[in-house]
């Protein structure tokens, strides 16, 4: 208990001193210096989580720190410790990754601001996780949002980054507004700001629960509120994208889990809604990821997908709870928590990979990459591991959590008496399989086009392997993915007390019944043996190296390789109605029948949600603003008229009441 | 009588100095000195009251310092001291530019500023609706020359609008005052009274229809002065065209005093109702809400830097009006405190930025973060403080206002306020990010005097500390818990 | 005697209506002076007839300042600026006079309803006249082009309010009365100075053309 | 003791059945087309020969080439041990429906990567098509298997496919539909006729063959063997469904299952060759339509399972 508090205090002190030092010495001290502070802070945080696993302590700040109506209240329990540990782990790797990565941004970033915002961001994330009442939560939530927005805009000379930051700021403010509405309502009804006293998703609290859910969903990037995500993640520097995608959006999900799951009765409608929205998110996210050709944007859309999967887990848990199916609830919540951790790990790993490519090739556009396998073999190995994990290939960690989701859905279908629940869970199994197939397609595209084949541009040709520290960061994460996958049953049983607390049932023992560790050993052992005895070094004749088979047409050029767009084309064509996908070709010299001079083909995709919902909405608000500003026309006579109108109106109101 | 002399002496001496001293550099330093002295005296007089040591300090018949007034007095004096200190640096810098301001203009500015502060203090002190009216009219008349300082076409236009619209508004208020006086003649005190204390005592006997009529007219009048939508039309013009220190005082002090007048009247109104949902507080809450929403819509399409902050002031006025309507002086003051400091910083900084870039159009200012990081950071911090973002106290005060409305079940108000606050934050952040980020246009001829950021930095650091301790220290002092 | 006060008040309102139909600035000032003199004389009537009315010296000050000082000052300004006519901005001058008459009728209606509410008006005529003066002043401000006309309109409003105060409360406390008077005087002076400035910078004092500050 | 015997039997089936089934398909097809055709064991001979040959590797390829092969074959063999494609395979705790599906996905993942590896447009287009088909087929397979699993209330396939004494006749449609869905999906998954022509020599239109274009020697041998193994496993799975349908209608002793489960694979091989003789390869853009039939069967099976399962 005491070590835990000491460690937490150390972490916070390190975070705050990092802020202070960054403001004063941001552009004088080296990146390594700040990275070391961040590193030690993250270590402290991680061990806080470890030592806090078995304690449940509540701490209230003493007076001058007070939020007007509620004190600063912190609570470290097992659920918070889990997310704190994730934050510590990802920050640890980000700190290792940072110095090498930031080198190529030296001309473009203001490091005082960058490090200040980063330290604020990490510290506030830790405090959001620890918050035990609404005010503490909201204050650090806002701090977290603003500091991350500043980080998105860190590379502020690019107009794209500025735009992204603004979109993100707008989204996050709306999220706060929705949350504020819900919190106020709860306070008005319960008279307490403490989360422990609130019962969300019950019949009496439908509207505030929906508000809170909307607020958290915006932040989590759940469909249809995910719009900001594909803008913000690519624009931010890579360590930030990793933290945002790996941890920040998880914190929103953490809040959903904390607020919705840990108190008895809930309405089944909430479970059903979350399940449905999670399914749509997963499908929508992966589908849009498939047609992206910016590597980080692709990863950002995958976050939408994975958030969807986690939301499915939460929905299952809620529904199981409401239908008194403890097995389903237990599977759902374990899956959600497990997937949160997993996604945090492999998504930051993938972002680091994308960042390493960006730092080395100075582009993230898949159409300019290719053939990096030779130059960056370690990065590629880590990237492939991360991709395999996100595609849920066994025996990696992604599979374990996705398996739990499948099991939860399957158990629901078996046990429920509601036809709606059974049907929905069966449909969910199908959609999840579809999503899995799409994810495989998407990541094989990303790896294939960036690492394999031949370089498509001069930059890609000139690439070299990332700095050792950057590789270490990736390797740690990749190894964690493998280990967590192989040891998934043990990890899942670690989470069991949590899910038992949420469902109110007794611990159901081992959830993952698959022998994943033996499977991993058999698979890798078998692969090694086959390599050694059939293919590898024990053979007498070494392989002959020659050009790729070109069907006798003559030399192949890099431009003849398949591009990201053409790889995804057949699938995109199938899902045309959702993607609004169409190909545009431009042929000069078309009149020469079979001998045109130049053909340019491109695929255009518009987001239905963006073009049909959000843009018109924004346009409407802007129009309203324009109409309002017309009032201020500059004529003093008009202004006097307003006064007269106001006077008459108030008099009428006064007479009426 | 002694303390009254003590309070007014620095201001009058300051005005006299402005008339006598020809050298504007010396005058600037002297003025700053007087302003700080005035602040010190105000604090010694007002602090005992605000800390609850003394219930009330009577300065003269009809003029006394009560708790709420004591907080606002200190706030006004602080803003004045800050603005006057900054104005010294501001005018020194201004003299390097063409057209150079004449020394007589600067002296007039200082003289009027002194009297303006005097008038504002009078508003806070007086216990009489008649004197209240006179002081508010005086603030208009004395601040008109401040707006008029640069004598450009726009400044003159702004002054004219300010003068005429506020005068008409104030005329309404006079009408209202007369009606209230008339309503008080139907009580046991047949001669009638304008004294607030007496009115509150007599409240149950007042002729309510007449009083309500009077209240509406007073609300219109003082609302005009405070910039309540749709009576706000003078405000963006005057705030944008006045020199930066004057804008800071207009926004940071004058708006508070106008709202303070409304607060005084509301006390009488709620006394008429014995705490039932009164007409006046409903009116204030709804007008405040409408003002917040309208201001946030105005913020979307803005071209001028200072006009932006002017509309943001209107938004904050709306919030303060809601606090006033909720009947909580603590909340009103907390919001006013945070807003005044933030807005003073913003106007002072904007003055610097306009001086340095030579443009007051948002579309022509870019890359401030590269030009002068210090100003950029201060601007962001102040904008955050003005739009209610933690860790600044405005977040807490806005939250308290929302929470108080929630406790009375005004969900529509909360919805509108939340949308207004969100929209204005988004709009302000769009504009601020345009100024702050990107590549600056002509960094060559750019000057950013260090002293120019002295006062803004001091104000912001105070606000920051305040934000961290708002809840604990300040709210326990202001008895917010009790007021809620 | 009360009948006299109401007659005077109605006369003041009628002069106000005449003023709103006046194209020449100088005539408007004269009409304003007459109207103010009538209003001030009501104060005399009250102070002479009732003990509750304003003190004689106040009434005298009002007459001197408002009915003599201000018209003189305005006349001087008009002379210096060399403006003669104000053709009206949004409403033709004769029509604005007719609107004023309509407003007079509205005032009568309002005054009688107010009468019911307040129950203090000895007769509706005084209130009618005063509300009508407020309306006329506001209308004058809203329909005239020249800055100087706006000052006159404002002063007319002020007259109306003063008249209402007289009728309703038989005069405010002395010190308040003095303060109000001082403020009005200062307002007129400052406005006068700014009118000169407008003339200097814009070469005209047409406020309909002062629309540089807007949100377009 | 008998378990060890059964494992040995399974292992030998795993070694010899793939080549034999491919041989049967080819032989039947040849006979239907009035040709003599290659010997029944030709596939096995080819594999052994390829294993002994030397290898040619593209200069562009990376370590993915080798990784693909070894992972492919090791996963496939593991899969063959985990999937109850033969009635007599002993059950393990890892015979999980969802694990199997994702092991298949892992194979596909590396196969697609390896075909993108050499930078050849043909391989890449094959990969793109493979990805497309798998996107469509994966839900069909998982839904068909879920349907049968749902009726058994467990996702362990060995338990699902265990022949129980008294299965109601009402379950026959479920098993039939699931089997049909699985079979149609396997045709797509295995790149067989209506979707892809395994004997084509036009690189532009190939799917499965194009992906293996750059593999040679032992590499190719292992991949060929792996894909043959995949064929028997998938046929075995759908065969098991048909077997159960039969069992519902006419219960037979579980001893008969050993023989029946092998012979039904051969029967399906014959059906495949029949289809490949009478039909032509579909235009690529119409391939999804064919997949839709498989999906429909699976959905129907699921519907039946839900209706019967929930009410029971």
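As written, the chain order gives the labels A, B, C and D, with residue 1 at the start of each chain.
Quick note on the criterion: contacts are C-beta pairs under 8 Å (C-beta built on N, C-alpha and C of every residue); 3 or more make two chains touch, one makes a residue touch a chain.
Since the structure is predicted, the reported quantities are computational estimates derived from the model, not experimental observations.
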item	value
Centroid comparison with subunit D (C-alpha atoms), farthest chain	C
Of A-B and A-D, whichever chain pair has more C-beta contact pairs	A-D
Core chain by centroid distance, with centroids computed from Cα atoms only	A
Centroid spacing, where centroids are CA-atom means, of subunit A and subunit B in whole angstrom	44
Centre-to-centre distance between subunit D and subunit B (centres being mean Cα positions), rounded to whole Å	78
Distance between chain centroids, defined by C-alpha means - subunit A, subunit D (Å)	36
Distance between the centres, which are taken as Cα means, of subunit C and subunit A, whole angstrom	69
Residue numbers of subunit C (touch at least two other chains)	138, 141, 150, 207, 210, 212-213, 215
Touching two or more other chains - residue numbers and ranges from subunit B	160-161, 164, 168, 213, 236, 298, 301
Contacting chain pairs - touch in the sense defined above	A-B, A-C, A-D, B-C
Subunit A residues touching subunit D - in the complex, by the definition given at the top	370-371, 373-374, 377, 380, 384, 387-388, 391-394, 399, 402-403, 406-407, 410, 413-414, 416-417, 419, 422-423, 426, 429-431, 433-434, 436-438, 440-441, 443-445, 447-449, 451-454, 513-515, 518-519, 522-523, 526-528, 530-531, 534-536, 539, 541, 543-551, 556, 558, 560-562, 566-571, 573-574
Subunit A-facing residues of subunit B, complex	160-161, 164-165, 168-169, 172, 212-213, 216-217, 219-220, 224, 230-231, 233-234, 236, 279, 282-283, 294, 297-301, 369, 373, 377, 384, 389-391, 395-397, 399-400, 402-403, 406-407, 409, 411, 414-415, 418-419, 421-423, 425-427, 429-430, 433-434, 436-439, 468-473, 475-476, 480, 484
Subunit B residues touching subunit C - in the complex, by the definition given at the top	128, 130-131, 133-134, 137-138, 140-141, 144-145, 148, 151-154, 156-161, 163-164, 167-168, 171, 174-175, 177-179, 181-183, 185-186, 191-192, 194, 207, 209-210, 213, 236-237, 240-241, 298, 301-303, 307
Residues of subunit C that touch subunit B when the two form their complex	52, 114, 117-120, 134, 138, 141, 147, 150, 154, 157-158, 161, 164-165, 168-169, 172-173, 175-176, 179-180, 182-183, 186-187, 190-191, 194, 197-198, 201-202, 207, 210, 212-213, 215
Subunit C-facing residues of subunit A, complex	629-630, 632-637, 640-641, 644
